[in-house]
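Heads up, the next two complexes both have chain A, just with different partners, chain B and then chain C.
The block that comes next holds the complex of A and B.
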């Protein structure tokens, strides 16, 4: 493993993505990718008393699913990296408290999925671990309650707002296997362009995604066309357009092979989510459910996955602070 | 039949239009500005109180009835009206007492009914 360029880590021994699993909520189950997820829930409470409990159950069951699908015994998983959006990451720590695997809590807001995979890959490649579990979750109701307004208030969501995906995505990284493999990691810098609107996260995160994308391409000497697909985590419709425009200002055309998980997970015309999906689980479920299967079936061979995160909390929003964005990228190749 | 015949349809139309216009203003504020719902609420109540205080809002209530009293601006106007009345009967201390006194029924009903609703219902996910 070595650092190339300004901030990319090139893995000498590519890390195998052994297995993935995903569980999604009711709204995602009505979306265009419903068939790709392992389990679709028809109730956002999933039999629990609170949304927070439901979210913990979702990540717990997703982790159980990925472990049983992988066929490797629980004790062979060396470390777990997980995080979510709730204060102090309680969905992950409460959901995984009975897991009995050494646990690293990770917070990167909606970039947590790829951040966990970056850290896990370094552990596996360095020989510190043979198998690493990475998981993340989010829940529309618990996120609205924490970051915006209580759902009981019943207020309207403005047109720029995005819909936090209810669900969880989990992967197991392994030293050996048939691929797809993680080959390069580009952790992103914090970029703050001064956007203050918590209902316009796509615009707040797009500059961070742009910075990481450009840096990744420069560090690796690759062109956007090297990848069959460049996928961002949750920029949504507005952020996606901003990223395409930002790239065009540098003379880079990503129109042909670029898309966003927040755009893919919901149908814009039939599901009124305004600007698309967001949340840790947006990137987590779309990669674990859809893109992993595409890679496995060799329908696509090389993807650059850039998960984007908005690093604010409810206090910073109330105090009128701007929203710092971050984006972490991994290249996955068959 | 007497009841139907006794309805002033023009009054209902005026009520509908005025309340509708007030709601349109709220919708424009949500869609076109970055104001949070809480700020929009405060703007409506204070605007109502100011318009009530300078005597314009009572004219609107006379014209549109519930179309002017039911929206949040009506609550603001009611606060102002109560404060002014209490000042004239009780002096300056009335500015602090009158508003809440005049709207006591509404406030207590909101707290009580809100509590009742929280006992018998459970918040749900939004449809959109």
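The block that comes next holds the complex of A and C.
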């Protein structure tokens, strides 16, 4: 393993993505990618009494599913890396408390999925672990209650707002296997361009995605066309357009092979999610459910996955702060 | 690097702790360790308008101090690992947003300091990084407001409660140097023994510390007497006694060389902190301020540092949940 350029880690032994799993909520089950997820729920509560308990159950069952699908005995998974959007990441810690695997709590807001994979990849490539588990979750109802308003208030949502994906995505990374493989990691810096509107996360996070994208291309000497697909986590429609425009200012054209998980997961015309999907589970479920299978079936062979996060809370917004963003990128190749 | 036993990582090339820094608040400045910290504040706000902004300033200035003391140019620090107790870890993300170093957000509650060092050590030993920065913070006033009651209410604190340390600790880990060195990492599992009292964190976290301690001793084949000091992060007086009792049930005597940062940082008889100190900064400042200097001066040569965290939030307690604990351990040797 070695650092190349200013902030990219090149893995001498590519890390195998052995298996993935995904569970989504009712709204995601009506979206264009519904057929790709392992399980589609028809109840936001999944039989639990609160949204927080439902979210914990979703990540717990997603993790059980990925372990079961992988065929690896639980005791052969060395470490777990997980986090979510709830205060103090309680979805992960309550959902995974019976897992009996050493636990690293991660917080990268909606970048958590790729941040966890960055950390897990370094552990596997270095020999610190043979198999690791990376997981994340989010839930529309618990996120609205916590970051904006309780749903019971029936607040109107502005056109720039995004819809937090209800669901969970999980992957198992392994030292050996048939791929797809993680080959490069580009962890991102915190970028704050002064956006203060907590209902416009795409605009707040796009500059971080831009910074990480440009850095990754510079560090690796690659052009955007090297990748079959460049995919961001949850910039949504507005953030996606901003990233395309920002890239164009540097003479970089990503229009042909770039898309965003938040754009893909919902139907813009029929599902009324305004600027598209968001949340840790947006990137987590769309990668685990859709892109992983595209890679496995060799429909695409090289993908740059860039998950973005907004590192704020409701108190910081009330205190007049802007919204710092972060974006972590991984190259995945067959 | 290799895994030994069930969950310990043995570092073939021990990782050097190049430098540490610590800043503490007014109450900590009146405690028995005051002379060891780099800076003692006389104002909980440090000139800021809110406690959250003050906490961000404390971690920012602690990180600036450790970089300055280390003599390493900012651009030679490859990655930063940081987290705190505030919702969505905003102390770290706002405090470090101008740092211009790729940022991994970590959430291990009060175990964050050692969790960050575990992650950073794997990055340095593996060649993914040459130098990394690990930092954490907590603040009595922001923590009380967020986890319990606003201070303005003047609520009475029960005898089992602990006093969140106001401050920040930061370290720089490097591939080379004169030590002290990190030699082994034992990341912990989530342990939940059913404690529900959010005013008795020591009791909630002690079983996790016990599990990690026993696992570390089994994995390494060491006895407690191998270490000059076994130090937990913030079990406080009650949790410390519980850990001693739990160890005794396995025939393990840690009475002679065991202590807790939360016990050490305040004077029990004069400072009215009930069960002692707690918070991410408890372990962070006491290690960075006190134990690091003891190791540097060879007053002690081998230490096992076990930081404990309670992975709950105020919503989970209101929903009747128990408090999952986690504990991560590192061996540090001269």
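Everything that follows uses one rule, which is that the second predicted complex is superposed on the first by the 334 of 334 C-alpha atoms of A that agree within 3 Å, B and C clash if a C-alpha of one lies under 4 Å from a C-alpha of the other, contacts with A are read in each partner's own complex, and residues count from 1 in each chain.
Basically, contacts are C-beta pairs under 8 Å (C-beta built on N, C-alpha and C of every residue); 3 or more make two chains touch, one makes a residue touch a chain.
No experiment lies behind these values; they were computed from the predicted model shown.
Look at A:108: by the touch rule set out above, it reaches chain C but stays clear of chain B.
Residue contacts after overlaying the shared chain place A:324 against chain C, while chain B stays out of touching range. By the touch criterion stated above, A:123 is placed in contact with chain C alone, chain B being left untouched. Using the contact criterion defined above for the overlaid structures, shared-chain residue A:231 touches neither chain B nor chain C, since it reaches no partner. Applying the stated contact rule after C-alpha superposition, one finds that A:141 touches chain B and leaves chain C untouched.
Of the two partner chains placed by superposition, A:132 touches none, neither chain B nor chain C. Once the two complexes are laid over each other on the shared chain, residue contacts for A:44 go to chain B alone; chain C is not touched.
Touch criterion met: A:157 reaches chain B, while chain C stays clear of it. The interface of chain A with chain B does not overlap its interface with chain C at any residue.
Residues of chain B touching chain A in their complex: 30-31, 34, 37, 118, 123-128. By the touch rule above, chain C contacts chain A in their complex via residues 1-3, 7, 9, 49-50, 52-53, 78-79, 83, 85-90, 93-94, 96-97, 99-109, 115, 118-119, 122-123, 125-130, 187-190, 192, 309, 311-316, 319, 321, 324, 326.
Chain A contributes residues 26-27, 44, 140-141, 144, 149-159, 196-197, 199, 272-274 to its touches with chain B in the complex.
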